[in-house]
Each structure stands twice: as structure tokens, then as C-alpha cells.
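The structures come next, written out as C-alpha cells.
Here chain A shows up in two complexes: once beside chain B, once beside chain C.
The block that comes next holds the complex of A and B.
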């Protein structure tokens, strides 16, 4: 059987993700790789991403939980902390990672990042500049991209 | 690493992100390098590789450009590799610049752990291999 040596912690986390999903978040492992998750995050209400369905992919490296999961957006998104390849600038995915965190907390943090873009710690320089120069307009662009790319259709 | 069915398999996209980051940092002595062609392509399919001809060979000082295409089945299957710069090697098709898997061991006997760096490094070695050393080369700076 594939993935028969999956650590107990990953099995437990997966079971809980499936049985008690966090609001607006779904994560399910691939059939052929139990460390590789298909993730959907709904754009939070009151954010420019409201109404959007965002696809992400998440991978638990061999060192997990001593190393952070790897996560990126597959859906195009206009956000100062997310780059064109969907890579995410989030401290807990890097130096602030702790094995006390889980897949669930990571995904909740990503959802929170959608509610609170942080143009002072940018990954996409151009989007961050736009955000700082004219936030109203940048938010409009983010809404437009949500309609165009994250409508779930 | 646990062998057999317990082995951790890095999925395609995360594997290519690793290769991208490694390529951006620069590899070894800089005589082989690669980068992504289209920064907007979320699937990271098209890449350009560069090989600087090895010292003491007929290729010395030449800069060869190649195109690598990593399809959805990468790295289970190897990328297609094509020289953009003209070159005369036994494993390269004379008309198209395609590296022919049957004549290039790395592609013919591809393994999942191999990377674009492997391919470029071994092509550089091919340039100094005895079966290639005596081959006349097209003018520098010409393209397929």
C-alpha cells in the first residue's frame, strides 16, 4: 500500500482536516501522494477576495513537522505578499515555523493574509507599490482579478 | 530516507520551484545555468539553459543556448531538450537541434531524481567526449 510509512502525526492531521474542516477552507490529500494536498480557500468576507475560490497546493516535506509545509497559490491573485508563481511571503512558512503549528494553522494564516495584505513586507514589488500609492485602486484590481480568475467557474 | 513505498515523493510543481531557486542562486562555477522563460506560467514549463563550452575543447569560450520543456509528467518523464545554438554532437539532431534520447544516456535512462542541472552538466561533458572531440563545429553564434 502506498504511503504506508506515513507518520502518525500526518495521518491524524489529515483525518481532522477532513472530519472538521475550518470554515472556508478545504484540504484533501492526493490519492497517489498523501503528503500532497489539494487546497481550496474561500476569499474572506470584507476583503477584496470575497466571493473568490482560490486553489492552492500544499506539500509536507520529509522533515515535516520539523520543517514548514510548502504551499503556493495555483489561482492567480493580486496580493502584495503573493508572487506571480503563487509563492507566499508569510513568516510562519519560513523562520517563524514551529512544529507546534499544523496544516490547519498554516491555512488559517493564509486566509488571514487575504484579509490583511501587508505591502510593507512585499513579495511582489509592483503590487506593493500600487497598494501603497493608491490603495483604493489596488483593491479594485484585486477585486477584478478575483472575478476574472477565482470565480470558481 | 525510507525505501520502497514509504519514500517521500516531491510533487512536480514543488520540485520545479526547488530547481528554480537553485538556478537563481547560481550553480557551481557558473558554466551551466538555467532559468524560466515565462515568469507568468504557473506550471513552469519552458526553460532556457546555457552551457559555456569547456576549456581546452573546440567549444572553449562559446555560449550555447538550449530550450528545455518540462511537461505535466515531469519529473516522472524527462524534459525535451533542444539546442538553440548550432552545435555538432552525436546526440544532437543536425536539422532541429533536438537532443535525441536514444543517443544521450541521461534522457534514455531517466530517473526521477535527475534535474535540469544534471542534463546540462552531462551535455557539457559530452562536448569533451572522445566521440565528439574531432567533430567540426558550425560558426559561433549560429542558431537552429
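The block that comes next holds the complex of A and C.
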């Protein structure tokens, strides 16, 4: 039903995501809703998330691509720009969204965010404080959480 | 030496005074400078009856005025910089409509301005093919179905329309809309919007541009009155923030609260906060009903002035604020008008009478209650006066000119009286906030303040009563009355006397009550008989302050100046009339 009048752009993007996946990222549309994607992001090397497999959900709203996709982490993650509901603080998902961006660029940006946490623009106040006060310890916690929750069971 | 300096100062102050008063000293400022002379202004067409008579330091702008100014600014920039109007508008928006800043920045470094603003001279992307892929819908389109901003990034019309419409419907941020290509900062101007947007969106966009001219410009603000569409452009650096909008709303340009001269913005904010914190305790004040102090029946206040007469058979005349007999008020008994004073009220035990007030005292709200009640009552009294003024202008003056067989042009003194009442109620109201915050241990200041406030208030009560009640008898009368001309003289006289009292009060408060001695502000000799009689066409003899007192001081030594509060007392009194200090 929801898929009957899917814009060509979404179809093309989906085809390309499946045929040429970005390294460390997989995104596949749900069978009953082509606007809903199951996403996996591998923790980038040399980040506290290395070795983890993080599940996310991505939804393309009716206004897409004029409005940004809605993305959220399903896997628990210790990161200053991601809150405990998995919501992500990323400018291109908000005011910096442009219709010329794509699902692929969004997921690559999220991957980059895992490599470079930004405690100065926090979503999770406590984690950001921790990060600023004692980065070594915070990174340890992030590694610990990755082992606990993202070990790709 | 000393005395010469004093002389000099005195003269300076005198000429200062002349801006506010009639120059009755004959110092030569009477003619030519356009300052009005109080007492003669009752039928002067040019007077607005306002306390603010200085040069206006603001301009009220209608929507047409705003558009015109905006167009003029755009034209100036477009001409001087030799750029398109569309681009001039973009630059002005970026620099908050500051024409000088645009000039300055542009001529300092045009290239850097173009980069920051996103106004590119040469497209960064160029293409010569006939068909292009649109980066939004991922379809190929012939080039003539596509367009680009100054950067040359092409997208199809359909995607542009979606892009522009989404942005416009997101709010005023659309004025900063940039090319959809992610790292590109090329700005989208109104020309492109007009090419791509629906009529409804174009209208919205142009309203945003109009609004930005007021909201982004540091010298202008919208009038805060609900539904009012005027804006006010302010001359920055002016001391007086009170502005009067064409919708008749008076407000403070600085804090956008209602006009509150002579009280400053900080005190107003504090007072408003206090009021909202205490609002539950103060509801009974706003209920506008009190028991008659004599027969105890509930009396509702449905008039502006504070002189209340209980319904028959009681007919007791009392003061709404202090519940004392009206006969004890002001001039008639020769005593001080004191119902503005908290201490007096407390001493006389009025606050112990009512149960509620005792409760208030318990909660240490008693003092606040005193000031709040007077503040709130003057507020509602002003509201009432505004209605009466309108009713006067729309209905009553016409009727009056019929019954008195006098042209309506002869009735201007009535409008002026009402304008004065409205303005004075506003000032008086705020002086109660001032009184509340005036430190209790500053006895000299407090006494001086309460004296001036009392004078002003009692003058205003006389004026209000005259305009409200005495006037009614002439409106109701069946034919011309021979007393009408006397009434005119009386009302016009009261108007100018009251204006004078209030000017004194305002000035004293604005100088922090500091110049008690020097400026000639002191209420010397104010209690002249002509106030009572209301006679004397031009009322010049009853000036308070400045010149009269000085001439008395200097001349016949009939007064002595109190060392503590500087009040000029008559020779005969051995104790200061204001602060009771011995001579």
C-alpha cells in the first residue's frame, strides 16, 4: 500500500544502497514499508566503538527529500551526541538538512560521528560531562558498552 | 565668588525651566521658541495635551511607511554599489538593514562580503550540456526546465518549488535560504522566490521581508498592543523611552511594557514580577467594591475620580483610597493631602479596621497592599478616563455644543482636560511603584516625594472630578447656561495646574529626588489661593517650583529654607512644614 506511489528518487536510492553499499554500512528496506529501513553500522576502527555492530532504524517521512529522514540507534551506545532513546544530535538531520543529501550521506555522517564525538554540542548532558572531565575513562565506558551491547550477538 | 557662581547656575536652571513652564520671569524665552505657555494653551490647537512636549525622538511607521523606507534603502544600496535591487535587498538583510554598515563592509572588501553573504559573481559550476541530472529527484531534465542560484548548481523546477515552499512554510528562516547543494552557500533572493513560489508563499515571503525590516533593525520595534500593525522607529541614544503609537497605546520603547515614565525599566520589571507573585492576595483590590465607611453597604466604584458619594439615603462622601471623609482631603481643611502616604494611613489605624487588612499585616503585605491598591486603582481609573475621553469625543461634545449653543471648536478644552487626566493617571500609577521601592530610611527624600505626589494627586482629583461630574451637569442641562464660561475657565485652569504638578513630580523623580534644594523643584509657595478658586484665566500666579520661589527667597526674605529637606517655610513657622525639623 504505502509502496504503491513511492517516488522514483526513493526507489533509485534504495537500489543504489543495495547494489553499491557504503563500507561498514548496510541499509535494507522493510518488506511491508519501503520507507522504513533496517540499518547496521559497524563501529569505525580506532574508535571506542570498534568491533561493535550498531543497529539503527531509518524512516523517510512523507515530505522526504524536502524533510530529513528520521534516524535513531536501536543498540545502546555510550556517546555524548546520542541519548538513551537512541536519538542523534546531528546538524544535517535538523536545520542543515538539504534535499540534495541522501540516505547514504546521512549514514556516512553518523559513522563519522562515532569516530569523532563532539562533547561541546551534547545531547546527553551526563555523558558529555564525563567526556570533558575524563576522556580516558569515558572512552573506557564506551568500549565497555560496545562489548556489552554491540558485540553482534 | 560663590554668589556669582550661584547666580550663574540659577540662570541656567531658569532657562531650563522655561522649557517646561511658561517663561513668566520675563527672561525672554517667551517668544519665538515655540514652547507653549501654560494657561494659554487651553484652546491652542497645536497642543496635544501630553506631558511630553520635547522634540519627538521616534517615528511611528505604518505598513506603507515601512515599505517606502525599505524601498528607499534598497534603492540607495543598489545605486551606490551598482548592483541589482534583489542583491541590495540580500545585503541589507544580512547587515540588519544598516545602510552604513553595508557601505562600509562592501567597500572594505567586496569579495569577502560576497563570500559571506553567498552572492557569487561567477557561477562555480558551469555546464554546457542540454540535459542534466537533478540532484534531488534523480531525474534527467532539459536545461530549460531547470534553474540555479548565483552558484550555477542546477535543480529542476519541480524540486526547486518543493524546496522553496518547504522553507517558506517553515518560517522566517526562509530569508536565509541557500542553494540545496550541501556545501554551497549561494543565497536565494526574492527574484528567485518570485519565480518559484506560489502566490500565497510569495505573499508570506514578502511579509517576512517587511517584518525583518522592523525586527532585525536595532532602531525599530513593533507596537506591542494586540492587533496593532504600527512600528516605532526610535532615535537611539534618547533618554526618554516613552513612545506613543498611532493606535493610542503608549509604551516604553526599551522594555515594551506600557509607558512608565518617570520610573525606570528595572523598577517596572521588579514591580510587575512582584504583582504577579502576589496576585492571589490582591484579587480583592481588583474586585472594585468596598463597604461604605459609614453605612457599610457595598459600594462599587464605577467612576474615575476617587471622590465617592454613597447612594441615598447615606450620601456619605468619602475617599475611595483611604476611606476617609472627603471633607478631610486637600485644600479645604488647609492640611496636607495625605492619603498617598503609607505612614499616615498606618498611624490613623485604618489598616487595623478591616479583618482582611489585619491578615495582610500578618503576612507583611500591608505595606505592599497600600502601594499596590493605589497603583491598581489609578490603572483602572485611567482605563475609565480613556473610555470617557472617547465617549466625549464621539458623542458628548456634539451634544454639549448643542445645549450650550457653542461651536464644537470651543470645546477643545474638555478634550485637553481628559487627555491630561489619562496621562496623569498613568504617571501617578507608576509613582506608587516608585514609592514602594523608595527606601524607608531616606526620610528627606520620602517626605519630599510624598509631598509632590500628594500635591499632584490632589490636583488630579480636583481636575478629574470637575471633568467627570461638573461637566455632566452642563451636558444634561436643557439649554445654554451662563455659568458655562466660568466652567471653561475653571477646567482649563485645573488642567494646567495639574499638568504643572505632574511635571514637577516627574522631574523630581527623574533626577532621583537629588536636587531637592538646587533646581528650584521644591514645592515652595505652591499652595496659592488661585488653585482653589480656579479663577484667573492664565493661571500664571500659581506656578510651583522654580522661578517664583527663587524670587521670594532672593527678594523679600519671607521664607526660610529647611536645612534637612530644603523646603521653603514661611517666616512665621518655627518648625519645617514638611519634615518637622525645628528652624
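One rule holds in what follows: the second predicted complex is superposed on the first by the 151 of 153 C-alpha atoms of A that agree within 3 Å, B and C clash if a C-alpha of one lies under 4 Å from a C-alpha of the other, contacts with A are read in each partner's own complex, and residues count from 1 in each chain.
Operating definition for what follows: a contact is a pair of C-beta atoms (placed from the backbone, for glycine too) under 8 Å apart; a residue touches a chain by one contact, two chains touch by 3 or more.
Here the structure is a predicted model, which means the values were calculated and not measured.
J.: Quick one: classify A:74 as touching chain B (first), chain C (second), both or neither.
T.: first
J.: May I ask you to decide whether A:66 touches chain B, chain C, both, or neither, giving the answer as first, second, both or neither?
T.: After superposing on A, A:66 lies in contact with chain C but is clear of chain B.
J.: Just to be sure I read the superposition right, which of the two partners does A:84 touch: chain B = first, chain C = second, or both, or neither?
T.: So A:84 only meets chain B here.
J.: Considering only the touch criterion stated at the top, classify A:5 as touching first (chain B), second (chain C), both, or neither.
T.: first
J.: By the touch definition at the top of the document, which applies to A:36: first (chain B), second (chain C), both, or neither?
T.: A:36: touches chain B, not chain C.
J.: When the two structures are overlaid on chain A, which partner does A:101 contact: first (chain B), second (chain C), both, or neither?
T.: So A:101 only meets chain C here.
J.: Is chain A touched at more residues by chain B or by chain C?
T.: So, of the two partners, B touches more residues of chain A.
J.: Show which residues of chain A lie in contact with chain B when the two form their complex.
T.: The touching residues are 1-6, 30, 33, 35-36, 57, 59, 61-62, 70, 72, 74, 76, 84-87.
J.: Which part of chain C faces chain A closely enough to touch in the complex?
T.: Touch residues, chain C against chain A: 135-139, 155, 159, 162-163, 166, 173, 180-182.
J.: Spell out the residues on chain A that touch chain C in their complex, using ranges where they run on.
T.: Listed in rising order, the residues are 7-9, 12-13, 63, 65-67, 92, 95, 98-101, 105.
J.: Can you list the chain B residues touching chain A in their complex?
T.: 1-2, 5-6, 8-11, 13-14, 17, 20, 39-40, 42, 44
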